[in-house]
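Got a structure here, written out as structure tokens. Questions coming.
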Amino acid sequence: MSRVGLFAVAAVLLAWCVGASAEVPMSEATQACVECHCQVTPGIVAEWGKSVHARVTPAQALAKPELKRCVSATQVPKDSAGVVVGCAECHTANPQVHEDTFEHNGFQVHIVVTPKDCAICHPKEVEEYGKNIMSHAYGNLMNNPVHHNLLDTVDGFQDFTGVETVYKTPDAETMADSCLYCHGTKVEVKGVKTRETSMGEMEFPVLTGWPDQGVGRVNPDGSLGSCSSCHTRHAFSIEMARKPYTCAECHKGPDVPAYKVYMVSKHGNIYYSMDKDWDFKNVPWVVGKDFTAPTCATCHASLIVDEEGNVVAKRTHQMNDRSPWRIFGLIYAHPHPKSADTTIIKNKGGLPLPTELTGEPVAQYLIDAKEMAKRREAMKRVCMACHASSWVGGQFARFEQSIESTNAMTLTATKILLKAWETGVAKGLAQGDSVFNEAIEKKWVEQWLFFANSTRFASAMAGADYGAFANGRWYMSKNVQEMADWLQFKLQGLKEAQGGEGVKGKK
Amino acid sequence: MSRVGLFAVAAVLLAWCVGASAEVPMSEATQACVECHCQVTPGIVAEWGKSVHARVTPAQALAKPELKRCVSATQVPKDSAGVVVGCAECHTANPQVHEDTFEHNGFQVHIVVTPKDCAICHPKEVEEYGKNIMSHAYGNLMNNPVHHNLLDTVDGFQDFTGVETVYKTPDAETMADSCLYCHGTKVEVKGVKTRETSMGEMEFPVLTGWPDQGVGRVNPDGSLGSCSSCHTRHAFSIEMARKPYTCAECHKGPDVPAYKVYMVSKHGNIYYSMDKDWDFKNVPWVVGKDFTAPTCATCHASLIVDEEGNVVAKRTHQMNDRSPWRIFGLIYAHPHPKSADTTIIKNKGGLPLPTELTGEPVAQYLIDAKEMAKRREAMKRVCMACHASSWVGGQFARFEQSIESTNAMTLTATKILLKAWETGVAKGLAQGDSVFNEAIEKKWVEQWLFFANSTRFASAMAGADYGAFANGRWYMSKNVQEMADWLQFKLQGLKEAQGGEGVKGKK
Amino acid sequence: MSRVGLFAVAAVLLAWCVGASAEVPMSEATQACVECHCQVTPGIVAEWGKSVHARVTPAQALAKPELKRCVSATQVPKDSAGVVVGCAECHTANPQVHEDTFEHNGFQVHIVVTPKDCAICHPKEVEEYGKNIMSHAYGNLMNNPVHHNLLDTVDGFQDFTGVETVYKTPDAETMADSCLYCHGTKVEVKGVKTRETSMGEMEFPVLTGWPDQGVGRVNPDGSLGSCSSCHTRHAFSIEMARKPYTCAECHKGPDVPAYKVYMVSKHGNIYYSMDKDWDFKNVPWVVGKDFTAPTCATCHASLIVDEEGNVVAKRTHQMNDRSPWRIFGLIYAHPHPKSADTTIIKNKGGLPLPTELTGEPVAQYLIDAKEMAKRREAMKRVCMACHASSWVGGQFARFEQSIESTNAMTLTATKILLKAWETGVAKGLAQGDSVFNEAIEKKWVEQWLFFANSTRFASAMAGADYGAFANGRWYMSKNVQEMADWLQFKLQGLKEAQGGEGVKGKK
């Protein structure tokens, strides 16, 4: 009772600012936070006031029937079970592991709430997310020399000497603003700073890579990821996480056009036209009743049941649990890696890539046919909540054909690039040069990173023009022709230069 | 009474799954479908349960005043007039003409519901749609050698031999996934297959080109089109068909950016900002009251009235009924073809195209000035429900100027291409080669298929940047410069090669 | 009382058409308008009927507490204070200054309602808007020779002579449809025209540049701008102006991708997911309660308060009031110009540009560090309604780094272009040629107008991929390589041409 304290009275006093009903038991610590932050950062306090966290205690959440439960812990610490999940419950949890913990008005507060904090109530989700390749998005980019080099040639400054271009290494701010915005930054404590505030002088930790909500953020407590990538602070609304705008934050560009493809799919059409009549908050999510077309979450993450309560799909936070193929980001589509940490992979050529340059998968690091079949079946069960077998079978046949044909078109582009390296009109692996820094190499990158990816997404989600004219097959075909032209121009230049020299030599 | 049978009792039993009120009379056949499919495909059964089809019988629909009526039949078969339009009413209709009819639990069911089935209640719409060029989208693409060749060079695999690129013919899955996703596939029965299902072993027909909901789908009953392209199964919601997301499924890419243009138009702004206050279900649709800005359907298809009930525009399913000009898809904008089947067209050069390569229209196959004026007036009447004469006149003057100027810019690009063919640095018609397979030809295609189209759409719908920097005039201008540069590089290469050979020849 | 006249009776009679409650006092003049226009243009009359203008009189508006007030006049003309703001109140205001005033059914009506008319009730907003650079968007484009030349090379027709391309001057319709759609046209009266109408023969003024709602429209009364750019006729809904679709009309293309960046930002995600629960009509706008994430208006224009009524940000119609940097449209990002009329600027090279070709700002025409700091603080106060200091500080540090790095990448592209001019493979300033008409110059334009702009917007608003692969750093990097290749191809051609001639010369 002591921690809950005068919650009823306080809650009444705070109601104007939190906006919540006065009937929720708030911890004393959270009351203290809210009292000041109502004025200092009124927006987020009010937003939190509308959240489930501000209205339901862990004890109440635990008492729900299993399918309706959003917490996966079997019990929560006694102290916090009876109060709502407020500022203090997260921002003062696990103080011993957070390097960014600092003394703030008598409380040991940390700025960066991490999966370890969320795991107090949601341990299963955090565990699953750890197997999700997204949780390693920082390391898989920064600790893989090939991927890191791609980043360098995108984010790094280029100068022109009057004769040639030269690349420089990108700075931390640029990387955090570009690739690491989605992949996540490394957040570390670099000392403290005293600042004048409306409450007087105060001391705060200085953090690198902050702010960031990237999916693979390396946190000051050593954990990986940021639950708020998808479960946006401070409402942590399941409604938002289920809507496609959440995924669009990182999955809309030409490299991963999932959202754009969804928008023009029949599913997207139904969603945008009818979502106002759907129930995005119901747990479990009932197909046909709560929604009449899938969003990203439906197919890849959510717990789905039918109206009788039969489970169509189990909730998962390992996002590739229902996907046999990894269709984007790498040179060729391939079976998903076994480990979320992909830096352990080495192909025959010694490169940290899941396929050879020919497209052949590096099988020992990738899931096998049996696991692929299992995932394919899990996805098909979702499809078959609305579609007959022949529909679903036809859809999957096309998708797998697209994987094959886009990989083949990537190999064609690769052959042209290899010819350019071989003839010396471009410098590649054999010359110890970056494979991403020249114009022809950038065209090769677009072949797989933009056009083949787009085509595969269009195929996977029935997104029509993204497999045709909107960064799809049209561009794969045009790009091959332009690469071939470029090669011809360069070889012509080379021949004439040599011919010219030959002529000169003769004189 | 026998067919309606125990509908009341059954409906109560089924209410949990259909979600509908128990008061609707369902045929015995539909009850039988729903009983199993509630569990087999619960999503679509629940979706159908929310539809008008599940709540209103044809007899009730026929009893409405004419302007409020959504059925155009003057009568419907007695058997089905008194029951709601359920699974069986469509999937067992006209069994004799459907090649995909199969025996399924005692019923003669077909998978592919076609315009012929819909025509039982909606004959006028089906008849109009038959005159709509979209109904011939399959044949107009596949049976026109020029268009088919464009498809081949987009969808076909390209290899690189080390010296040159070679095209291969695309496979059926790729075409179905790409161009034919919107144009429609040819759905044919290729035998039967026995499959283990949750209800035991069952036999199903095997279909080619399935699934597909393309606008020109060639159906197993010989009919053309798929009403569900726009009237999405299984809700068949007029609300959805009236919203722009439906059209966006196929009209958003760089080749037909209608949706994108709409999004940034003033009309689009009003729609996205205020649509939550609109009534998308009211029939007829009342301008100003039900909606305060047009969607795609308002201008091109819907029955529109004012608050007094005066008809502003009649409902049409021949989508170009209010459009004098065909502004996309072909090399030059031109008056709409008279016939929905455009494979009958031949220009002076013998090509199946509605204009010459110079842009001159092939008049005998196209609507005449009088018909154009009639269509222009029909569209203007819609505009003038909100805009004064001078506004509308100014808008149309700009649009027709854009048609002229974009055609002129296409002609410029064509002249460069002709020079390339003439000088032999590219191979075209005279050489019996594809006009779409080389880099310079692909740039020429983008001039009209992307940039001129985008500019015309922007002009037609007041979409600002799509006529300027967003795939509009900026790109038309840049593309001409790049084509000219390409020509220069190639001619230079040619000259030197000849010069070089000349030198060699002298030795 | 005489002007209000039989308003109660009339309003009842008109209720069917206006849709408004019968209790609003309408002027006799507006009644006369509505009586005919209910039938002539029913859509806009009904739309107006739903507006605040149709429901609240200026006198009632003036009686509200200051923060709740939407009118900034301290008093309004007696005649109109007691009637709602109807057709006549705007379209017959200030008849003496409107060149487009004409006699219409006994009233002196003008077509083009201008800021001068709106200023009767909203003088402060009009005054602020006059300091807004947008109000000069017509002159800043058309009266600046460099900018005008860019327009000419975008909108002008290009022909191909068989040898080279030639530009022609664009026509008025094309300009109005392209650049001036957003910048605004010059609307002038060019005589009168008699037209047959449903009410008999009538005379109307003929206007150039009409229709147009561009932000810098030059009006027949000499005023600049169109309030309906953002406050869409005839609802003039604050809800619409606060939603991002309004800004998207002109700020979505590759040159100004603000809307696209917003869509993929965390703020955008919250908006699209949760906006149905927000209150877009409340004045003042309460952070956290009425909305939980900013829209464009929140950060750049709106009056924002917290739940206690403390002002977080004052309303402004000088849109750059909270922005230190001008990040788009020009070659380099730079401090905002002091004057909304930027034609007065001259750099050291004599060009009407706010920076040198090296990026150095032309300081005397631009706001100083103190003004920049003031604007930065105004914006930060908005951020800090939800975010802590370290978050906001980190965000701004990245933004300013992006300004520096994108300017540097523009300088690199400029160096390549200068080399092209210097070596004679392209013609630029020194040759008295356009700097926008050749392919290499168009690539240079894209470096700053598309890619650097996109990167800066992504940085300013945390839009992830728009700073990476979606027209961001990837394209800046690729473009530099392609420009360098182009230069090499051209120089090679030049060398050989000279070499060849040399050889020839020797013979």
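Every chain is named by a letter (A, B and C) in the order it is written, and numbering of its residues begins at 1.
Definition applied: contacts are C-beta pairs under 8 Å (C-beta built on N, C-alpha and C of every residue); 3 or more make two chains touch, one makes a residue touch a chain.
The shown structure was predicted, so the numbers you read here are calculated from the model rather than taken from an experiment.
Under half of the residue numbers at the subunit A-subunit B interface are used by both copies of the sequence. Subunit B and subunit C carry the same sequence, and matching their CA atoms takes a turn of 120 degrees, rounded to a multiple of 5. Centre to centre, using the average C-alpha position, subunit A and subunit B are separated by 34 Å. In subunit C, 276, 489, 496 are the positions where the chain touches two or more neighbouring chains simultaneously. Listing the residues of subunit A that touch subunit C in their complex gives 16-17, 19, 38-47, 49-50, 111, 153-160, 162, 164-165, 171, 173-174, 176-179, 181-182, 195, 197, 204-207, 210-211, 213, 232, 235, 237, 239-240, 243, 245-246, 248-250, 252-255, 276, 437-439, 442, 449-450, 486, 489, 493, 496-497, 500. For subunit A in complex with subunit B, the residues that touch the partner chain are 263-266, 268-270, 272-274, 276, 287-289, 292, 306-308, 310, 384-391, 394-395, 397-398, 401-402, 405, 408-409, 412, 415-416, 419, 458-459, 462, 464-470, 472-474, 477-478, 480-482, 484-485, 488-489, 492, 496, 499.
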